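Look for chain A in each of the two complexes below; its partner is chain B in the first and chain C in the second.
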Partner chain A sequence: MSLELKGIEKKIGEETHIYSTDLKFEKNTINVLLGSTLAGKTTLMQIMAGLDKPTKGEIWFNDQNVTGVKVQKRNVSMVYQQFINYPNFTVKQNIASPLKITGIDNQEIDQRVSKVADLLKLTPMLDKKPNELSGGQQQRTALARALVKDSDLILLDEPLANLDFKLREELREELPKLFKDRDCIVVYATTEPSDALLIGGYTATLLEGKVIQHGKTLEVYNKPNNLDSAKVFSDPPMNIANINKKGEICSLLADNVTWKTNLNLRDGNYKVGIRPHNITTYKEGKNSIEISGKVLISELSGSESMIHFTNGDLNWVSLSEGIHQKDVGEETKLFMNSDEFLYFDNNDRLVGNV
Partner chain B sequence: MNKTVNQKAWFFVIPVFVLVAFNAIIPLMTVVNYAFQETFGNNQFMWEGTRWFKQILVSERFHAALGRQVLFTLIILVIQIPLGIFIALNMPKEGIGVPICLVLMSMPLLIPWNVVGAMWNIFALPDIGFLGHSLNAMGFDYNFTQQSGDAWFTTILMDVWHWTSLVVLLSYAGLRSIQPAYYQAAEIDGATRWAVFRHIELPKMKKVLTIAILLRFMDSFMIYTEPFVLTGGGPGNATAFLSIDLVKMALGQFDLGPAAAMSLIYFFIVLTVCWVFYNLMMRNESKS
Partner chain C sequence: MKKFKWLVPTIYIIFLMLPIYWLLNMSFKTTTEIINTYTLWPQEFTLDNYKKIFTDSTWYTGYLNSIYYVVLNTFISVAAALPAAYAFSRYKFLGDKHLFFWLLTNRMAPPAVFALPFFQFYSSVNLFDTHVAVALSHCLFNIPLAVWILEGFMSSVPKELDETAYVDGYSFWKFFFKIFIPTITAGIGITMFFCFMFSWVELLLAKTLTAVAAKPIAATMTRTASTSGYELGLLAAAGSLTIVPGAIVIYFVRNYIAKGFALGRV
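So, the complex of A and B:
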């Protein structure tokens, strides 16, 4: 079983929503589509589902061309950002709704519904209507509707975006377990890099209607093949600084911070991408580099401190564990872990990471 | 924190109170005043107690007018609500058709009520009116000024023309607020068109439909201007709905006492029905 997009393109009028895209998703995998709003995640999913037709290109499922085959004939489930349930059905009827049309006998429907309800902790709410439930429970119901039929393809379009923080954390941890041991392909669209890391599997990074990179989630994260992919897969945003390399010495162009590298690169100017959590108030890693800056904002959240500071003409973001109170305007010292630097050339392609 | 008592806020209520007093409370109390007394010339009044109320409640004339009124309102609701929903479902959802349809739909609502009556009066005249003449040319014996069936037909047609748009606009607004994802989910489930209507569109339109039914009930139950201009309540008393009958009694016969009692009963009926209906709908809302 596999889902393959071959040269998919989507234009609405003169506007291109999806540029020529090739993607292949294998059986029993979870695939994350990661990109900001309007990156084309939803459009791509609707094309995969058969809810929308591509302007160009073909969709193959199980080595069959299914381009233009309607969604009803494709055995697809979809969960949306909004909690989509039938408003006048009870939770039980809602979960059963995708099965009703298939002609499965009622006894089996009941069996399957109670199994899925159990899995999603909905059993006590089976006789309630969706608007009597909390947002989290409503989305669980929608998930149950998607899981109850044995779909070949389950599409989740930012399913956690409308939930509050706690419910989101809770459901996010359950999601990978729900799809384990299922004979299907799961596609999960999200704007949050942390979702992708937690869910694992494979990730495709999207930017403005283009798939930039597709591969195993950790590989995409650790080795973004270009700057855009790295930016998409970094939250808070990645720090990008221009550097000069001469011999084994690298230096920031805007400041006199220098460090040694053993990268085998030609001398010249490069860009370095530094994730916020690799700039900290304490030393980390063997090759820690000191950088000084003037504090712009310092945000404390639970067990983390995010410090925005300026150095040279750049605004930097750092993310340290623990509570580190800094005053606005304070001159401060921070440490960059140069082991985690990503080096890009002038065409924004990744040329090296240590 | 210490809260200090400050009653000055009541001053802000005074303008509203004065306004409501002039447009509702004082006129209503005048009517109440008339309803319990016999009125003679020179502003002489005699206490009559509940006599007028008893008289109205058993009067055949009131029963007949109420019967006509209830029948009219029922027919109006049965035609306009489904028709309005049907038109709303078939209206375009995007493109140039949307503003065109919306403007077309709003037109009847913008025409003054007496103009609507006059328009339809001329339109339906059997000799020179387009509708009346055409119907007669087609072989129907149509004359709304003489045959009560025709008068009813014309009045209902006029009201449908005038007010269905309101139901359409409300339903359309309700439909447009349904997120496209609902339709997609239904498509994935393989739901039929009817199931989409029954299980998505109708429940999602419930609130606006409640408003539509309430408004259409109130307006049609209190209808006066259009039938007054169109038929004047005739032929005979065939289209003399409650308000037309009331005006006849009050200003035609100058029976101020019974007319005042009748208006209070009339007012009470409208209020009760609206209250019961609203509460029923809202209770269902909180239950489901």
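So, the complex of A and C:
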């Protein structure tokens, strides 16, 4: 079983929403579509589901061309960011609806509904209407409806985006387990890099209607093939600085910070990408480099401290574990873990990571 | 100050209820009492006026005629407006916004403008003096209104609901009747109420397009004098009864109307 997009393109009027895209999703995999809003995630999913037709290109499922096949004829499920349930049905009827329509006998429907309801902790709410439930429970109902039939393809379009933080964390941990033993392809769209890392599987990074990179999630994270992919897969945004390499020594162009590298690169100017959590108030790794700066903003989120500071003419973002309060305008010293640096050439292609 | 809190609402209600009270008051009086004396309540309480309306076929058929074409019109309007409103809320097509606005402009012309062409047209297709004629003519203002109200309700339903249903395997029609229409029952209720109301109170077209067979109650009521002279008590009773259907309908849709106002389309 596999889903293959061959040269898919989508134009609405003169505007191109999806540029020519080739993607292949394999059986029993979870695939994350990672990109900011308007990157084309939803459009791509609607094309995969058959809700929308591509302007160009073909969709192949199990080595069959399904490009023009109606959504009702494809065995897919979809969960949206908004909590979409049938308001006139009870939770039980909602979950049962995809089975009812196929004409499965009632006994089996009951069995399968109660199994899925159990899995998603909905059993006590089965006789309620969706609008009597909390947001989390409504989304669970939608998930249950997507899981109750044996879909070949399950599409999740930012399913956690409208939930509050705590519920999101809770459901996010459950999600990968739900799909573990299923014979299907899961596609999960999200704007959050942390979602992709937690879910694992495969990730495709998207930017402005183009797929930049597709591969195993950790590989995409550790070896982004270019700067755009690295930017998409970094939240808070990645720090990017121009550097000069001469022999073993790299130095920031804007400041006199230098460090040693054993990268096999020609001398010249490069760009370095540093994820915020690799700049910390404490030393980390064997090759940490000191950088000084003036604090712009210092904020706490949970048990992490985010410190924005200026160095040279650049604004930097750092993310440290623990509570580290800094005053605005304060001169401060931070440490960069140079083992985690990503080096890009002037065409923004990845040339090295240590 | 606090002591007189009740004052303003009381005055308000008195002013509101005064004409209705006077109408009811008159309907229980004899015509002689109405004309000759000034009394705040009936001196000679009588139910004769009502008796006459319920027994004389020229009177009660007026009610039946009105109810007949109003109900017919309500169903035609809603049935025509449902697919139209769905199209406006879900699809983009050439000139959709202009067409939507143009629907409203139909409400800008007074019905009197259409009285002559309608009369001539319905006569020439042999529909003059039928309930269908009045029901169809009232579609002139009721369908645009129904489309306008329903479109608001439909647009408040996310299009993802449609898509979810298709993904689950529903065909369009199954989705439309089993999920979509039940989802917007409040909107349909309100739309029916407004169609009912406008058709019920409209007099000019209803009077122009009918003679005997489909004559509405309001036309019967405007006949102030008959062979037996002025029958003010009788007219008052007829007026009181004319309020009743509207009041009943309002009672049933009062909760929906609040919802409709919240949506800003009513």
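Following the convention adopted for this analysis, the second predicted complex is superposed on the first by the 354 of 354 C-alpha atoms of A that agree within 3 Å, B and C clash if a C-alpha of one lies under 4 Å from a C-alpha of the other, contacts with A are read in each partner's own complex, and residues count from 1 in each chain.
Quick note on the criterion: contacts are C-beta pairs under 8 Å (C-beta built on N, C-alpha and C of every residue); 3 or more make two chains touch, one makes a residue touch a chain.
Note that this is a predicted model, so its numbers are computed, not measured.
On the superposed chain A, the two partners chain B and chain C do not both fit; they clash.
Once the two complexes are laid over each other on the shared chain, residue contacts for A:Val272 go to neither chain B nor chain C.
Within the superposed three-chain model, A:Ile212 lies out of touch with both chain B and chain C [touch as defined at top].
Legend: residue contacts after superposition of the two complexes on their common chain; A:Asn88 is shown touching both chain B and chain C. Judged by the touch definition given at the top, the superposed model places A:Ile30 against neither chain B nor chain C. With both structures placed on the common chain, the touch criterion links A:Gln72 to chain B and to chain C.
By the document's definition of touching, both partners, chain B and chain C, reach A:Tyr80.
With the contact threshold set out at the top, residues 46, 49, 51, 71-72, 76-78, 80, 82, 84, 86-89, 97-98, 101, 145 of chain A are in contact with chain B in one structure and with chain C in the other. Only residues 46, 49, 51, 71-72, 76-78, 80, 82, 84, 86-89, 97-98, 101-102, 142, 145, 149 of chain A touch chain C when the two sit together in their complex. Across the complex, chain A is touched by residues 158, 160-161, 163-171, 174, 179, 182-183, 185 of chain C.
Interface of chain B with chain A (complex): residues 179, 181-182, 184-185, 187-191, 199-200, 202-204, 288.
Residues 46, 49, 51, 71-72, 76-78, 80-82, 84, 86-89, 97-98, 101, 129, 131-132, 145 of chain A are the ones that touch chain B when the two sit in their complex.
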